[in-house]
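Provided herewith is a single structure, encoded as structure tokens, for subsequent inquiry.
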Amino acid sequence: MRIGVLTGGGDCPGLNAVIRAVTKSLLRQAGAQVLGIEDGFAGLMAPSPRVRELHWDAVSGILMQGGTILGTSNKANPLATPEATAQTLANAQRLGLDALVVIGGDGSMAIAHGLSRHGLPIVGVPKTIDNDIVGCERSFGFDTAVATVTEALERIQTTGQSHSRVMIVETMGRYAGWIALEAGIAGAADVILLPEIDYDIEAVARVCRERERRERYTVICVGEGAKPIGGALTVERRLADSPDPIRLGGVAHALREQLQPLLHSEVRATVLGHVQRGGSPTPFDRVLATQFGNQAAQLVMAGRHDRMVTLQQGQLGCIALADVAHQHRSVPLDHPLLQTARQIGVALGEP
Amino acid sequence: MRIGVLTGGGDCPGLNAVIRAVTKSLLRQAGAQVLGIEDGFAGLMAPSPRVRELHWDAVSGILMQGGTILGTSNKANPLATPEATAQTLANAQRLGLDALVVIGGDGSMAIAHGLSRHGLPIVGVPKTIDNDIVGCERSFGFDTAVATVTEALERIQTTGQSHSRVMIVETMGRYAGWIALEAGIAGAADVILLPEIDYDIEAVARVCRERERRERYTVICVGEGAKPIGGALTVERRLADSPDPIRLGGVAHALREQLQPLLHSEVRATVLGHVQRGGSPTPFDRVLATQFGNQAAQLVMAGRHDRMVTLQQGQLGCIALADVAHQHRSVPLDHPLLQTARQIGVALGEP
Amino acid sequence: MRIGVLTGGGDCPGLNAVIRAVTKSLLRQAGAQVLGIEDGFAGLMAPSPRVRELHWDAVSGILMQGGTILGTSNKANPLATPEATAQTLANAQRLGLDALVVIGGDGSMAIAHGLSRHGLPIVGVPKTIDNDIVGCERSFGFDTAVATVTEALERIQTTGQSHSRVMIVETMGRYAGWIALEAGIAGAADVILLPEIDYDIEAVARVCRERERRERYTVICVGEGAKPIGGALTVERRLADSPDPIRLGGVAHALREQLQPLLHSEVRATVLGHVQRGGSPTPFDRVLATQFGNQAAQLVMAGRHDRMVTLQQGQLGCIALADVAHQHRSVPLDHPLLQTARQIGVALGEP
Amino acid sequence: MRIGVLTGGGDCPGLNAVIRAVTKSLLRQAGAQVLGIEDGFAGLMAPSPRVRELHWDAVSGILMQGGTILGTSNKANPLATPEATAQTLANAQRLGLDALVVIGGDGSMAIAHGLSRHGLPIVGVPKTIDNDIVGCERSFGFDTAVATVTEALERIQTTGQSHSRVMIVETMGRYAGWIALEAGIAGAADVILLPEIDYDIEAVARVCRERERRERYTVICVGEGAKPIGGALTVERRLADSPDPIRLGGVAHALREQLQPLLHSEVRATVLGHVQRGGSPTPFDRVLATQFGNQAAQLVMAGRHDRMVTLQQGQLGCIALADVAHQHRSVPLDHPLLQTARQIGVALGEP
């Protein structure tokens, strides 16, 4: 039995923990040969595919490491052209792969599903710091990203307090507000703005002014995809035109421009950027990623292909790749955490 | 509406986050008056009860703080004598309490249930770093304790590696192995010993020797309640005789004595002790404790007393106090995480 | 004996540790009354000055806290007009201040010196995360800022590695490169660009290209005041026009624009911003700030005014405020750490 | 030019940073061949010495790692017998070593000096978390150990506060009190007990009782070598009889036995143990270790042997190995930090 493993898409803490668990389980339980494919799908599509065998020792000591020992790529797409697809399938055959484990985001899952339909047996493992993959209520990397943002909010709190300022912190999360929501609560933000709830700038200003009156600073945690009621061209342009989610002219700076004229306090904006993607995974994410990796190995050994590992209601399971590809999981408007935020007095920018 | 809040039993990261959320929700939603009772049940039993009003500002800025701003007590028991019970109930009446929120462990929940039966409306919030309260699949404080132990394991790893030693680390957890299990996996322990699985010393030694042969050090993570097959008088005496769970002669040192004669490598033991109880809660625990506190406030406002907040299958809910009191939640022998550990090659001391 | 204490200028980890040590030493040794002045010089200039007495308990538990319990202001200047000066001096007299301890940067020291010449006895304590105050070889807050930047660099490393990118991280430091230099070394940056050494863009690109050839990613740590040979209008405009050092169009983004056309790899930029100013001080900074605070108290009690606490060659001492005001301490071009960086192969952007 | 490098004695954060800097500087500046010797002097004494060549890539990415990639040994002594010495010198010759860099503590420096006198050119690099090597005012690893202990004290603070307890924390440091002193100050200990100042148990109890009266908990930070006036057999036996500094019956537990009968509050003791030795070095230690390693390379290239790298008054330099061997650097009784501690109200156990 010979199994390939690759990591696709953006960096995410816990990738190595998945690689380690997949490998160790396949080696111990099935005596399989595990091939690590380098640089994501790019390594599998290349005229001579880039692979290395993963022995037991090759995955020892990587549990705590951020990044991926296999490398990744954002853009490689084996489905882009018929030639690319053919090359990829031919490579898989030449390598003698009985199955492939793809650790990636919704884009990678779409590719995985496409390759599955061409006959390559694939098991997917959901990977997103944004926590926005369908079928997975908590993905590894998310807890680490939340921890990084929370720590930044704590640091920002002291500056806000010392100077009686309004401090805006922009987080990652794309079209979903999970990171901003959880980190905002954990970091004691006074206002949390999410892509799911278009914000009323006057409502935001009202909170700041009321706090000014009580001689208090204000911390605003805003997800990168958030926008004011009426829409924000700047932000949409940014997400469409650029491969780089950390851009000038993001929502934090736009919000600052909107807010400053309405307030006495100085308003400052910080865009956290790539630090949210990297670093050693939290213990929570290490355990979760280890479980995901082991679960993927079990699915491979059981021959349950064209599926992605899931976590639902606290239970590991799996879901058809077709149901996952190219979809997002936003924060539902009736999510208990939104309700909790409102009830303890966190403003969500609602009119 | 006047509501009392108290924290009972041992220190636990997240207590202040619960106090803050209970208070903010009751103030905002019900315009209630919230009384913080000091030093746990001791403050409520005292001839003149020790209370202070909790205004909005009194609970601002405490989210991140470890410990409890209200203080706690380990031993005070209003049910110990009829006089104590009468005094406690009279105090509650004198203070005009419409309900009481008790944040505590299984012992506190037993007291809460007893007082409920005497007519004092009580809502409980489960509190345990050990994650061992019935009805609650993940309690606040646990993630922080796991993070503390994991960090210690990481530090110990480097020493084990540099010196080719066998390093034993003893964690808290009482009769349940949750901390040792999750931290052991997150900290890449080679062997994890739990109270739920009596260990075979020869099986443990075999793992160490096999690693010696491959020139590798070994890290053993052992829960304080673990014991060898055949039983361990030392450990049982320790848990029964002493108010202090961090004692000389604990399982780490006993295990070291057993193991050293069987190995070439030096064996070293570390007992982590009270550091596992304290410190600022992780972001995960802050969010969870905030949800628990808010949920307790909702139960109070809905008049749903004699109940404890729960988390089951990822959903907040509640359970009758009678079903919780004086019980423990051990790691079930068919728990998926045990299976995961075995499948990736972690030894559990099984023969 | 009645002594005032104020904190001026930007936030800096360790301010509370200084306030605590000044207060505790004056209370214990001199039985002095200590008055905390709120919001920096603004609180002392106000028609009715904003003060609160600092008792022992008021400064207990603040050692670990970031920010300043007294608040600060960036812009208040008692020397701005003769009226402001007169008001300030009258307030000091009305409050019965025998001396004033000013914890601040070079701007605050200039004000302190000016007020001293008007007869108000002042002792200064140097405060700068940038480590750029004359007479002080290591100021509190710097170690914390370096630790924050280093952690960010570590997180960025994993993303750079996973994607084979060139990652640029912009640090604070104003006209001095201390933060970029120490954090760059501690965070294993491949290239470190400082305000003291104008960089040759071609030399920077050469390092990146050579690393591309060896299939390695590159991390560039750049101080906010750095500029290319020939000068950078963007950067200078930014520092001159804006009160906010975290601006669009900073050096990181400018460098990215320069570098991207010269390379195959993607180039990404992150501006760390205000997170560098806040948060709990490192143990090193707590000890240093405690020593500075105590030293200030000793100078006050010895009647040695118009002086600033210093650290030189590892020894605490003092220096005349006149020698400090309005000056900066850049990284000397013969500093051993620059030499160390070069010798271990870190590029400094030199042609 | 062929240079050997080895690490001797106990684990210490920053060892890898030294190895990296020594290697990179020798490779870049001298085109030297660098041989890493495994397991300390044990690897050099072995009939067939254990070595591996250190190329540039072999030391890339190790800056942040705790431990030593070369391994170490505590007991190997090439001077133990004439045969061992002869074997060691013969091995060095066989390997063609032009010089040897020894990174180790006072014991290793004594061996290094002895081998130097037999004609093997050696440069020493001081290594001790205890900060007690003569000629070196701040050694790498110390800042990390202080940070680890400080974090533990912070965690312990919250438990002490919640329960109104007396909490004792025992630190490493052997015969010197540096770790206990700096961490005690940074962690806001109320009492700090050092090997250099025999403590008066009644004075310690008095502090605790006075704090009890003010309803405050007490944190005591005690160095492992501390002892009461009159001497402590337990402790001395421990240090003499055992290779393991983390022992039952250490000073923390002895102090607890002494203190409990004198107080109302519960007294709890925690022995931090091996966690103080391990883990990733702080940024401060990474910079310091990098400088030490580079300095060692410069001494090797300059042919300045039989010397150890030093840091004195903030300057890198060197000292004859003969002046270092088998000595300790205690905290001088007139050290400014002791004075600072007393002046801000920290008790040192003095009568």
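By letter and in written order, the chains are A, B, C and D; residue numbering begins at 1 in each of them.
By our rule, contacts are C-beta pairs under 8 Å (C-beta built on N, C-alpha and C of every residue); 3 or more make two chains touch, one makes a residue touch a chain.
Please read these numbers as outputs of a predicted model, since none were measured by experiment.
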Touching subunit C and also subunit D, the following chains: none
Chains touching both subunit B and subunit D: none
Chain of greatest Cα-centre distance to subunit B: C
Intercentroid distance (Cα basis), subunit C paired with subunit A, Å: 34
Inter-centroid spacing, subunit D versus subunit A (mean Cα positions, whole Å): 41
Length of the line joining the C-alpha centres of subunit A and subunit B, rounded to whole Å: 30
Sites on subunit B at which at least two other chains make contact: 154
Pairs of chains found to touch, sorted by chain label: A-B, A-C, B-D, C-D
Of subunit D, residues touching subunit C in the complex: 20-21, 24-25, 28-29, 61, 63-64, 137, 143, 146-147, 150, 154, 182-183, 185-188, 282-284, 286-287, 290-291, 293-294, 297-298, 313-316, 336-337, 340, 343-345
Subunit A-facing residues of subunit C, complex: 7, 10-11, 13, 15, 39, 65-68, 71-74, 148, 151-152, 154-159, 161-164, 167, 243-244, 246, 248-249, 253, 266, 268-279
